[in-house]
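What follows is a short report on a single structure.
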Amino acid sequence: MADAKTTTAAPMGPASRAYGGTHEVKPLPFDPAKLKGLSEKLLTSHHDNNYAGAVKRLNLIEQQLGQMPKDAAPYQLGALKREELIATNSMILHEFYFGNLGGDGRASGPILPLLAGAYGSLATWEQEVRQTGLSLGGGSGWVIVSYSPHERAVHTYWSADHTQNLAWGMPLLVMDMYEHAYAIDYGANAKSYIDAFFENLNWDAVNQRAEQARAGVT
Amino acid sequence: MADAKTTTAAPMGPASRAYGGTHEVKPLPFDPAKLKGLSEKLLTSHHDNNYAGAVKRLNLIEQQLGQMPKDAAPYQLGALKREELIATNSMILHEFYFGNLGGDGRASGPILPLLAGAYGSLATWEQEVRQTGLSLGGGSGWVIVSYSPHERAVHTYWSADHTQNLAWGMPLLVMDMYEHAYAIDYGANAKSYIDAFFENLNWDAVNQRAEQARAGVT
Amino acid sequence: MADAKTTTAAPMGPASRAYGGTHEVKPLPFDPAKLKGLSEKLLTSHHDNNYAGAVKRLNLIEQQLGQMPKDAAPYQLGALKREELIATNSMILHEFYFGNLGGDGRASGPILPLLAGAYGSLATWEQEVRQTGLSLGGGSGWVIVSYSPHERAVHTYWSADHTQNLAWGMPLLVMDMYEHAYAIDYGANAKSYIDAFFENLNWDAVNQRAEQARAGVT
Amino acid sequence: MADAKTTTAAPMGPASRAYGGTHEVKPLPFDPAKLKGLSEKLLTSHHDNNYAGAVKRLNLIEQQLGQMPKDAAPYQLGALKREELIATNSMILHEFYFGNLGGDGRASGPILPLLAGAYGSLATWEQEVRQTGLSLGGGSGWVIVSYSPHERAVHTYWSADHTQNLAWGMPLLVMDMYEHAYAIDYGANAKSYIDAFFENLNWDAVNQRAEQARAGVT
């Protein structure tokens, strides 16, 4: 990019989108008093503290990135870019997570043959999701079922913190395994939380995302 | 998913796609003898060892996942799922990386106003990419410019290893900052490598990906 | 080590200490019913599930390492060695953590001038500990005040999971910031947990460790 | 620590040791022109760029920590504390690493029965070190043989970046697996680098550390 060095850089700042810091907290897409085995207290705390906290933090981070001096040491920028990735993904993954709760847990729709096709059977897929979730119990992480354009297939991924994700894809079904997703209701019992997660899973939302993914990047 | 426990699971194994282990190594999409400032020795080693090694490892991992006993401890599955994520992303990111090399480095096309719009100016965007890259010098990582459907915009992300990526998006421009991307030619001089990267950047490939991303997930 | 390749390796297995898997769970060193602001339910769950779970897992991992085939792919060994590090450190850090709870929170003893000397004042030190703790709220991690033989001084360290620790040193004062350390009692309120931690801090234990550290590695 | 809040904090700053930023780069403890299979160019670059760079960065970070405003958001402190841990451990581990090079590679001394005792045989121990090293090839990390006071034994640990270490212990034998430790000489051939590492291993240094460790923390 030969001309870049002779271009006068516009001042970094709120005018540019990347440094805008204008993300907004979305409300829970369901009535938190009505889920089975996940209390209103837990769900509201999860939304108001962990999710909304990430969104507000991301706004601050973006604005700080816009004010980073050009002569800052690279590690100063890198440290803030890492915080940006954490907060960005926490925002995105929590929106997918809440977006696939509030259902009746009855598996249905065109996603089912895709899962069964990829894993040999639906039960094999669910076994892997549940065991991957248990492997994250007592710590932090996510289990993420994504559409992978590279595979042209659905696939389940392990993540031990917000930063860890498939390099190219769209989450279809997201299960939060941070302890804030269950400790208030279940203490250390990650297994019962996973049961509750599946009982409240909104398969319609999962199917809509799968439809969107297949219509898009392929 | 109430019925899952009563379903008889098909045996996990090579018949299912997720455990197939059939990924194939793609050749370099350019003549490695013809890049400016990146030697054939470096590029061939990078491709044959780091990229191809990840593909072959992924195939083994997928097959081992298919043979994981159902009563394995969760940490055994988790450890292998982590290796799967590492190898999967290494494969994907290396393909994007090699795919956006081999060009003449002249910035052009519809991606430019998108970058300038997001960051205030093209120079500001490039400054952030370069400084983020420098922050990863002497270690491992990637700088990844992605299309983010959540933002409906392009954005630059920091990653300190293969596992760290935007939770939902498509890489458009990928710069490898693992030391194997430059040490053979540049030793510890990450700055000169970044110069060479930009001089060989294939903006046509970046523009094609941006077009694909915008036509897809939005 | 020229002779190693011609030496006949003894079979790896339980006979060797590194693969022994004989770690034992230590009981809580205080009456969990008697702490201020940390419930018996929380403390017992923390001990019985998170700490004891790590010890038991470590025993399994060590035995599996002893049975690892010599021709296993390196990533298979690496994945298990990572699990070993996680479980080993979880065991060690939890023992330090429980070991410095159960006190009356009144700061005293020869550690105080060491902390004040390193940080300018005790209040500055405590401010950094508390803020570092808050930075880990909603996720996982530890705040660890260690004796560093390299510094010949005490110093406070950030850790975002069990694996992250000072490369050479002895923990003197350990605060668990995994959500399982507080969510049952405080939900997302990490700040109130940190208050409770300091109110139950056993400064005698901290002083004994400091004495041991100074008598030892210097 | 009831009184802390009423104490007037001294201003954080260079006067306090923790924020002093006065670490000094130590020279290589051997003549880099005389090692077998590790070039002077490689060793000098490794020392001058990677090790010395970490020391200089640590000094900047400590001073920035001393100037952190008290009302900074916790993530701002946490991000800098993470950089501090990275730079601190890079400094320490590189000093151990260079300190155990420059020898003739002939295994000898009281460390040998400790290693053989822990692992069943010296060859078993070396096999694990070598395979753990290979598992880190193509990325970053360390293989660290430590004295663990918790075990009252020596043990080998995996680390994928500077932050990952045994929670309580003293490194006795440290092998750098970052690509900057070998790529200049060996490209992607981590196996040949590990051979060269063992051929230049200074067992006297390892034995001296083991003696120091046993005399100290036990």
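Residue numbering begins at 1 within each chain, and the chains themselves are lettered A, B, C and D in the order written.
Everything that follows uses one rule, which is that a contact is a pair of C-beta atoms (placed from the backbone, for glycine too) under 8 Å apart; a residue touches a chain by one contact, two chains touch by 3 or more.
Owing to the predicted nature of the structure, the values given are computational and were not obtained by experimental measurement.
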| item | value |
| --- | --- |
| Furthest chain, CA centroid comparison against subunit D | A |
| Which of B-C and C-D has more C-beta contact pairs | C-D |
| Cα-centroid distance, subunit B relative to subunit D, in whole angstrom | 29 |
| Inter-centroid spacing, subunit D versus subunit C (mean Cα positions, whole Å) | 19 |
| For subunit B paired with subunit C, centre-to-centre distance based on mean C-alpha positions, whole Å | 35 |
| Set of subunit D residues in contact with two or more other chains | 75, 79, 82, 160 |
| Subunit C - residues contacting subunit B, complex | 57, 60-61, 64, 73, 75-76, 79-80, 82-83 |
| List of subunit C residues in touch with subunit D within their complex | 1-5, 7-13, 15-19, 65, 70, 72, 74-75, 77-79, 81-82, 84-85, 88-89, 91-93, 95-96, 105-107, 117-128, 131-132, 134-137, 144, 149-151, 153, 155-160, 162-171, 198, 201, 212-213, 215-218 |
| Subunit B-facing residues of subunit D, complex | 41, 45-46, 49-50, 53, 138-140, 160-161, 178-180, 183-184, 187-188 |
